[in-house]
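Next up: some structures, all given as structure tokens.
In the two complexes that follow, chain A is the common piece, with chain B as its partner first and chain C second.
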Partner chain A sequence: MTRLIKASYGPLVLVFFFLMARYIFPNKMTFIIELAIFSIYVMGNNILYGYLGMVSFGQPFYLGVGAYATAIYLAHIGANPLIGMLLSLAMGLVVGLILGPAFIRLRGDYFALINAATCAIGMFTIEKLLLPITRGDDGLWYRSRMSQIPFLDIRMPDKFFVFALAIFLIVLILYNFMDKSALGVSFRAIKDNENKMKFLGYDTFKIRWIGFSLASILSALAGSLYAINFGFVNPSLAEPHRAAEVLVATLIGGAGTVFGPFFGTLAFLGIKDLVSRYIAHWELAVGILTLLVLFRFSKGIWGNTEAIINEKIGRKKNRTMEKLLTDKAAT
Partner chain B sequence: MLEKSNNKILAVKDLDVSYQKLRILFQVSMDVKEGDVAVVVGRNGAGKTTLFRTIAGFLGQDGGSIHYKGQDIGMLRAYEVAQLGLKYIQQDKHVFSDLSVQENLELGSYATKDYNWDSVLDYFPQLKNIMDRKGGHLSGGERQMLLIAMSLLGNPGLVLMDEPTEGLAPHVINDLIQAFTKIREKTTLVIIEQNLPLTAEVADRVYAMKEGKIVAEFNEKQAIQNLEFEAHL
Partner chain C sequence: MNIDLLLPAIFFGLSVSGILFLVSLGISIGFGLMRIINMEQMVYYTFGAYMAYTMVSVTGSFLLGIIAGILVAAFLGFLVETQLLRRVYGKELMFTMVVTFSVFLIGIGIIQYTWGLDPKPVSSPIHTMIPILGVQMPLYRLFIIATALVVYVLIQIMLNKTIIGKAIRAGIENPDQVQGLGINIRRIFTVTFVVASGLAGLGGSLNAPLTMTGPYMGFDMLLFAFITVILGGLGSIKGTLVSALIMGQVISVGGTIWSPLAFVAPFIVMFCVILWRPTGLFGVAGKAFGFQE
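Moving on to the complex of A and B:
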């Protein structure tokens, strides 16, 4: 319990800044909501890429699974967005559990490409095979069907802001907790040397499967939040060519770190928001930043910041220790 | 204190192992008794590491059998073998470089549910002063000590060590020898070693390997101390 409380300090500070931003920039609420949701999506990819070292070119598929699970429920079956969200989480888990054992047997480029292929198949399924249910390219509209949830009418953007922030906070606390837990350490150790983990007695296949499923669940959750936020879903959300977005955000923020996904999302969406006002091809700025990170700051924004903070703390500790020793020698 | 007994903790019989079509081990047989320190010696390419990797469950076998504490482990996977208490420390001295010494030990603990670090840190008190240091910043000797400490968590019945002293400074090797004399009181050790004087100092039993076969076996202390196995390398 103490560890869970400790894990909540950082996320609470971050959410405090979210709230500040909401009141300092009142016309940026949509941007802040997208920041929270996309961060959850990047967190999922960060488990695969940052922690486990598995690059996936198919993350939009898992985002789409979550978005369409909620959308289909809200458009055809029920009206409660919370039930839609729970369905998305369940679908994320099911997809992770079913595809995981087959996919994680593949390594490197094969893993990346099978996910890309799955994304393309998923896209075809949404657009063509499930046309009567998904309405293909026209998409599903259901905002007017959505009911309010207890205590909060999340159909209203300002209320949805609170809801999305609460979900983001819970996910980030659990994510921080996972990072420090046996599971988080095992993920990073597998990336470093999987054989060594086997010799220590770890079933590394099972651990990677858990990681894959967690990534799938987080992506599905982000998809569900998008679906509730927009009240509309169409296949563009799950287009295979959008796989680079989540990878780039993970890389820019700092792969394998807890807060990297947030800072990566902030940089990615921030550039998109700012630069697109002046030039149409805002991707150029993201590309330049990505190159800069790849060549000069490989740990990303948060990874490098964390390293600087740790170095400063280390120096301070050493100075305190030296002072103690000098005082002791003097007395 | 682990009493020496006549109980075979490890029994390898007629083991054949190949890498694809290339046969590496030919009818290898060895018995290790509980409480022994057995040393496998041989030139490079003799098949020592292949033997260890096969026992540890990392390589499949073409024929023969491997029994640990009477249980056939030949078909088990590496992590299942480790869970039974047979640990393997590779030659590469690779610890988890992004994790601190403490986190590396925690990984050993999570796998075995043994959180009593005092017992293993008693062998290597040096590690107590560098618990926050990242694995990537450790010296070769410190890495080796950490690897041994990690593998000893959970009180394994048998530890296979592949050239633990390779590339280490003489004073570090002395520290390791001191540690081995204490560790052997609690667990059985099988070591691959090229350092023949060290072998003479610690071994109760020596297996000499050549071209994928066990060509000689020594269990007389006097013969081992006289380095009689050297003639078979």
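Moving on to the complex of A and C:
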């Protein structure tokens, strides 16, 4: 429990800044909401890329699964957004558990490409095969059908902001907790040296499977939040083309760090917002920034900042990992 | 579906195969020889298409467009290889994948910056129709098929008869050994890469009249090219040809049966190939291929 409380310090500071930003830039509300949602999405990809070292070109699919689970529920069955969100989480878990075993045994490049194929096939299924349910390209509209949840009327943008921020805070605290826990350490250990991990007696397949499912759940959660936020969903949310966005945001922020996804999202969405105002599109600036990060600042924005902070405080890095390894050696 | 539709579909599929073969060769060789996943091949493809558009609209000559497409693509390939890719040889596959992907993004950005976002139509240079087996077939598509065949034959000759080709083949087997024999493998890499990107440019400029030339045209082609390469087996040129022939038919005949299949059928093929036969048709199971060791 104390560890959970300890893990919530950083996220609380971040959320405090969120609230400040909300009152300093009141007309940037949509941007701030998207920042919170996209961060959750990037966190999911960060588990795959940053912790486990697996590149996936199909993350939009998992986002789409979550978005459509909520949307179909809200448009056809019920009216409570919270139940829709729970459904999305369940769908994310199911998809992760089913696809995981088949995918994670593949080598890196095949893993990336089969995810791209899954994304294309999955979106095709949603767009064309489930046409009567999803209405294809026209998308589903259900804003008027949504009911309010207790305490909060999340149909209003400023109320939804509180809701999204609360979800973001919970996810971030759990994420930070996971980062420090044995699970997070074993994720990183697999990325470092999987054979050694196997040799130490860990079931690396199971750990990867957990990571894959977690990533899928987080993406589905982000999709569900998008669905509730927009009040409508159409297939363009989860086009295979958009796989680049989440990958690039993960890289820029700092792969394998807790707050990296947030800063990556901030940088990515910020660039997208600024650049598209002056130049046509964002690809050029983001591509150059990514190359720069890859070759010069391999830890990304937050990774490098964190390194500087740690050096200043003089805290030993990877303390948990050393502790874990010595514990293992002792037993 | 009746036979009247099937025959044209097969012929159209052959021309799609030609394009697929040209653009996926670079990915295949890049993996076999340099052990990198070069996603930025599609930049050269897109540039080829845009050069064709520019040349056709400026001078009106499509042939000039093809030549410009090849030259620009080869030059870009040279630039990228010597300036950037040299730094990633020998790094892990995922790193090369992400690096080349960001080059791809930069390429898209440059194209958007230069030519704008709107798709540009390129009119077909030859409008003649030729009857084959009772089917009216556009001569231009036959021209694409012929070009792809000529390229295949030339590459086979180059690989089997010339010294540099033999060095490339040896490099696919074992790059260190080739270096040990006193052959400058880095130069071989550069030559191969420039040729491959030139071919991608050729594919792009040939494909320009058949599709809409837009900044994102590389994305779809990227996935299709990867499917082709994986189906054929990474690093095998013969495999790339055979799988390009198969994929062309899958796209064309599938699209004739039910039009959305043209987009999704290749992905279903890729899905099945990766799950059940990850080495592809002609791939060899070894240290560089297939599952994790």
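Structural remarks
Assume the second predicted complex is superposed on the first by the 314 of 331 C-alpha atoms of A that agree within 3 Å, B and C clash if a C-alpha of one lies under 4 Å from a C-alpha of the other, contacts with A are read in each partner's own complex, and residues count from 1 in each chain.
Throughout what follows, a residue touches a chain if its C-beta (ideal position, glycine included) is under 8 Å from a C-beta of that chain, and two chains touch if they have at least 3 such contacts.
Everything numeric here is computed off the predicted structure, so don't read it as measured data.
In the superposition on chain A, A:Ser56 makes contact with neither chain B nor chain C. In the superposed model, A:Asp203 makes contact with chain B only, not with chain C. In the superposed model, A:Asn193 lies in contact with chain B only, and not with chain C. In the overlay built on the shared chain, the residue A:Phe124 is in contact with chain C alone; chain B does not reach it.
By the touch criterion defined above, A:Thr134 reaches neither chain B nor chain C. Of the two partner chains, chain C is the only one that A:Ala285 touches; chain B does not reach it.
In the overlay built on the shared chain, the residue A:Ala182 is in contact with chain B alone; chain C does not reach it. When both complexes are overlaid on chain A, the residue A:Ser39 reaches neither chain B nor chain C.
Which of chain B and chain C touches more residues of chain A: that partner is C. By the touch criterion stated above, chain A contacts chain B in their complex at residues 182, 185-186, 188-189, 192-193, 195-204. Listed in rising order, the residues of chain B touching chain A in the complex are 56, 58, 77-79, 82-83, 87-90, 94-99, 103, 106-108, 110-112, 150-151, 154. Across the interface of their complex, chain A is touched by residues 37, 84, 87, 92-95, 97-99, 101-110, 112-113, 116-117, 215-216, 219, 223, 226-227, 230, 260, 263-264, 267-268, 270-271, 274-275, 278, 290-292 of chain C.
By the touch rule above, chain A contacts chain C in their complex via residues 53-55, 102, 105-110, 112-114, 116-118, 120-121, 124, 128, 240-241, 244, 247-248, 251, 279-288, 290-291, 294-295.
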